[in-house]
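These notes open a run of structures that come right after.
Shared between the two complexes below is chain A, which has chain B as its partner in the first and chain C in the second.
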Partner chain A sequence: MQRSGKQLSARARKQRIVGYAFIIPNLVGFVLFNAYPTVYGLVLSFMRNKTLREYTFVGLENFQQMLTDKYISIALKNNLAYSFTTVPATILLALLCSVLVYNLGRKGGFFRNALFLPHITASIAVATVWKTMFLPDKGLINVILHQFGISNTPRWLISTKTALFSIGIVSVWQKLGYTMLFILVGLQGVPKELYEVGDLEGATGWKRFRFITFPLISPSLFFVLITNMIDSFKVYDLILQMTEGGPANSTIVLVYRIYQEGILRLNTGYSSAIAMLLLGLVLIVTAIQFVFERKWVYYSDAA
Partner chain B sequence: MKKYMSLWVAFMMLLGCLGMASGLADGEKVELNYMTWNTEDTYSPLIVEAFNASQDRIHVNYLSEATKGEAFQSKVMSLLAAEEGLDILGIYSNELYMNYINLGYLEPLSAMMTAHNYDTEGMGDCVNQLKVDDECYALPHRKSVEAIFYNTEIFDEAGIPYPDKLTWEEFMDLAKKLTFVRPDGRNCVGAAGDIRRWAVDEIQAPAAQYGEAMTDDELPHFKECLERLYRLFITDKSTMDYAEMVAVGNGGMKFNFINGEMAMFILSDFALTALVNGTDIPDFKWNITYLPYDPEYMEPGTSYGKVSGTGITTFCKHKEEAFEFLSYLCGPEGAKIIASKGTLPAYTNDEVKEAFRNSMAPGIDVDVFTNSKPQDYIIHSTKAPDLIEMSRAEIELMLIGEQDIDTTYEKWNAQRKEILGK
Partner chain C sequence: MLQPYSSFLRESGCITVMQRDMDAAARKTKHRRVASLICTYIFLVILTILTVLPFLWMLSGSLQSERDLFRANLKWIPNPLHWENYTRVVTEIPFARYFYNTLKISLIVVLLQVLTSAMMGYSLAKLEYPGRKIILLIYLSAMMIPFQVIMVPQFLLVKDLGLVNTHIAVILLHAFSPFGVFLVRQFFMNLPSDLLEAAEIDGAGYIKQFVYIVLPLGLPALSSLAIRTFIFTMNDFLMPFLYLNDKALRTIPVGLRSLTTEYHSNYGLQLAGSTLALLPVLIVYALGSNQIINGISMGGGGSIKG
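Showing the complex of A and B:
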């Protein structure tokens, strides 16, 4: 049983102070660069700016405006479509790759590094290369598809039907290696004895994965699900560099709308309200994931 | 004694504060920060340098940022929000000009112009083009005029005479003829243009050639402009694929033009600077001719263009000095430097025209720019950002083949009227 603060020994108190001292730099950074801007953004969302410094309180007017802003509904729809397709695709592919890399043992090092490379490549370079590869006539992808006899090739970034999907492909490619690393760490933590016991019980292939591997890597999967989902809602750089929200607004997302209203049009009050909408959306999606956590995530020390 | 000492210190501090409030110590210069976008780096630093050399009271610091990736706009916004560090501001686009005015960050200049007897005679109509509700918030330092740049080697290769004062019909026929595949597999497209002005963001520009503005009740010739684009992009495919245009941008298109993969390039005079300074292919042969025209409605040489202005921020502490610099930048001194770098300044006189002519290699018909009659295509409305955003979406749908001309025009016109409250 833990002793209360008053009963702590001088040594324990000193340790506690040292502990707090260590987290102070991070705490200061968090308050200054995360908490304060978020609270300030919340306050601004109820304001309309006359200049960039003069604000008047308008209550819920900005939020009401969002209800009639057609670009917000397009952005919201795009955000949800983007997140609920790219995140599962990234995690499934990362899971597959991590199992393959794990089974390759030391030989898997090359593939692990190769898959991680897109994550550390500058997104401007990624966007430029993929933009060229996606060209309808001269792009590498369609040239290859033509070689396979496919004549009706997609127009990728230049069709309202495929532009968001194309950006999703780049996103999956870019995040695959990073996601794979976390799952790989989870896989490496699975005790080999469990597989031996499974072998004795006759568990092979899918059963082995379903009843041994999956439960033990589920905390890693949950972590990558949460972080990738939050990250996907914040998508912006790829869109700015690859389509600038086009064609015909088919790739605008909430962060892009925040940028358009806040930076280009200088409507900081309204853009803060959109930021709050995004924050609320991310919180709801994250909360739902935590609600379902206990249904599929297994923590070995839970018992 | 201590009491007198304290009084003396307080008195000295008060004097110090008063000194700070009143301005500068003897011999100290007024410091002004001037910021513009980085494509003006060709001439703006030279103007600042010349101005500083001519001054013993004012010193201007030059700052510039890239417009790519919106670095310029982000930096400007930070400085505007801080209300310091920015006295003179280059206006990158009409959209931003309206935003700055709406937020009250640009100083109205009409009163200062009257007080200084500011002579606008050498600027033609340029000052009026920057007026909003009869107030001038910026002075014009340069203007753009659209024309056709053409690669003479491609015309020679195809055995076609060089273009001269083409009608739009002739231009489109020519573009079709000049779209071909060479025996070695290399493509050539007939024509393309600055992606923003020619096709999407500033689609009102071609209509402006007819003297029509997006804020008019009706634009009878706008649909014809759409039909031209449709023919080039979709029917004849005599221009680059829209996807490729977006992917490679104006820089890539310039590369294609120089490398013999594009015969005609509709651009403003600003491209002269890039072609003169940026072409490291010595054998590249090119020339300029007038923008195509519609013989039923306009004279040959009618073009479209716009002015770029520079303003003073409302929080600038030395507005008189800032106006002095602005007068230099936009007046004959600045104009001569701008012209010497192959860019058309807003101010023109014989000396400036000569400097502009001398900036080009012999044989380049640079008088096309000074002789053209450009129609202003700036959207003089605070609704400009909404109009541009809407137009871009509708026109893009047409250019990528997802919407026909009639639907595009009807949707565009209905939304335009809705935005303008007509």
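Showing the complex of A and C:
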């Protein structure tokens, strides 16, 4: 009904004018500061620069170099290990917490607010505090462990074996409240009648969770899974502040390498290639999650 | 529900046993419920303590001298209180200036983002014109791209524009996030079109519809976006770190980092700096945690499903 032949109704014309006018502010900013750098980055990944101004097209050379760059493989390994441990841990813990908080009703509000606190605090500050807590000799954690009689305490950020894990702990601590909040919102959207029906049918405890609660909060869980995953690949602040990539490069990640190559060493071409690797990683992981979405995410038809 | 039946049974001479069994069963579930309630509280209290512990440690450690923290035994309230950590931090780092910078940048970003996202969200949700779907698709895919992926090209762009070392650069880079547009659009999609159509019949143009109907109704989503953006920009480290070289222009996270790198072994000082950095946020949160959380989840909750 919008067009009769080539003529637009006055209404459709007005919609166009206002429509375009309203998107222009954001669109211009977006294209200039987001879209253009993205394309620029893609192009850069195929270039190498001698000075900051001179670029030469080198095809896939940057990507070939990445294959042999041992720091890239370490960084990639770290990213995967980090993401695939902290994200499930965060979500499972958050799920447990949100169910408990939900069951408390109004009284749960206090816990909900308390657990949300780490999310609004700056990563740099949080990292500084945890860094002092992780000190092997004087830090809070080991001191407490000593008081419990444990003498062989981990070296946390000093040891190559536990450094990334320690940073992971901080990440879970930081993201728990935020993740819990979103699952809580999902829980609150479950119609109470379903629980009553379940009770009548004799569904208790685990059955109740598995057949009523879980399917109905699965959209929230999926959302939280995707966002946490993408966020986990961006990790940088915590690592920079707590270990600066050490000890012995055991905590370097892809963003770290991007920063090193692009900003410090001004190898913008190589850095962009690494960035493309990071992007590819994020896209693949997200795509995989979407493939599985159909299998376990249940969208109720009541919209 | 079984009351009348059981009393009939009792009167007709049938079993009081049945009543006893029912009572016993009721008592058992009540016990189970109390037990699970106690467990819930214990678990949540422990978790809350673990959550808050680092902040308490931060406060405690900030008042200890370098030598105090070297001792291996724990003292929660140091004696004497070394307030000089704080005075040193304030003299070394112009915290007031940094706070002003951070606040200024964050507020402008929030303003720009909410305004442009609201307009674009409305346009994408309620108006029709060619190219609408493509733009939506582009924004959707852009949401997947972490900013760290494009930070180097962005840096080159900012350099070419001559905007390195300005607040404007940081503001502009933050203000046009596709996520904001998407959030607002989702919410606006759920607004009833009949309301808008009725207004149109009454002669209100699209702009009037936007200002008088969409904006007021969309307030939950917009305030959610505002709060989230504000928190994110206040705490952001990487962008100000990349672009703000002048000490006078820096933000709090960047200032804290330079403090900790300069005094990398004086942990008391570092913790004092962290406390000062977190103080504004902690105060605001202590006063309005409910509002903040409701604000964030209202908009978020509306757009998660479907």
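Quick note on the criterion: the second predicted complex is superposed on the first by the 271 of 303 C-alpha atoms of A that agree within 3 Å, B and C clash if a C-alpha of one lies under 4 Å from a C-alpha of the other, contacts with A are read in each partner's own complex, and residues count from 1 in each chain.
Everything below uses one rule, namely that a contact is a pair of C-beta atoms (placed from the backbone, for glycine too) under 8 Å apart; a residue touches a chain by one contact, two chains touch by 3 or more.
In this text the structure is predicted, and so the values were computed from the model without any measurement.
In the superposition on chain A, contact is made by A:H146 with chain C only, not with chain B. With both structures placed on the common chain, the touch criterion links A:D137 to chain B and to chain C. Contacts of A:G246 after superposition on the shared chain: chain B is touched, whereas chain C is not. Within the superposed three-chain model, A:T160 lies in touch with chain B and out of touch with chain C [touch as defined at top].
In the superposed model, A:T213 makes contact with neither chain B nor chain C. Annotation for chain A, partner touching more residues between chain B and chain C: C. When the shared chain is aligned, no partner comes close enough to touch A:N62: not chain B, not chain C. By the touch criterion stated above, A:I263 is placed in contact with chain B and with chain C alike.
Once the two complexes are laid over each other on the shared chain, residue contacts for A:T51 go to chain B alone; chain C is not touched. Of the two partner chains, neither chain B nor chain C is touched by A:S83. According to the touch criterion, the shared surface of chain A, contacted by chain B in one complex and chain C in the other, consists of residues 124, 132, 135, 137-138, 240-241, 259, 263. On the side of chain C, the complex with chain A involves touching residues 40-41, 43-44, 47-48, 50-55, 57-58, 61, 69-74, 112, 115-117, 119-120, 122-124, 127-130, 132, 135, 138-139, 142, 144-157, 172-173, 175-178, 181, 205-207, 210, 231, 234-235, 237-238, 242, 252-253, 256-257, 260, 267, 270-271, 273-274, 277-278, 281-282, 285, 289-290, 292-293, 296-297, 300-301, 304-306. Within the complex formed with chain B, the residues of chain A that make contact are 49-53, 124, 131-132, 134-138, 155-160, 240-241, 243, 246-249, 259, 263-266. Here chain B touches chain A in the complex through residues 69-70, 73-74, 77, 80-81, 83, 95-96, 99, 102-105, 241-244, 246-247, 385, 392-394, 396-397, 400, 402, going by the rule given at the top. Remark: chain A residues 2, 12, 14-16, 18-20, 22-23, 25-27, 29-30, 32-38, 40-41, 44, 97, 100-101, 103-104, 108-109, 111-126, 128-130, 132-133, 135, 137-138, 140, 143-144, 146-147, 173, 176-177, 181-182, 184-186, 188-189, 219-220, 223, 230, 233-234, 236-237, 240-241, 255, 258-259, 262-263, 268, 271-272, 275-276, 278-279, 282-283, 286, 299-300, 303 touch chain C in the complex.
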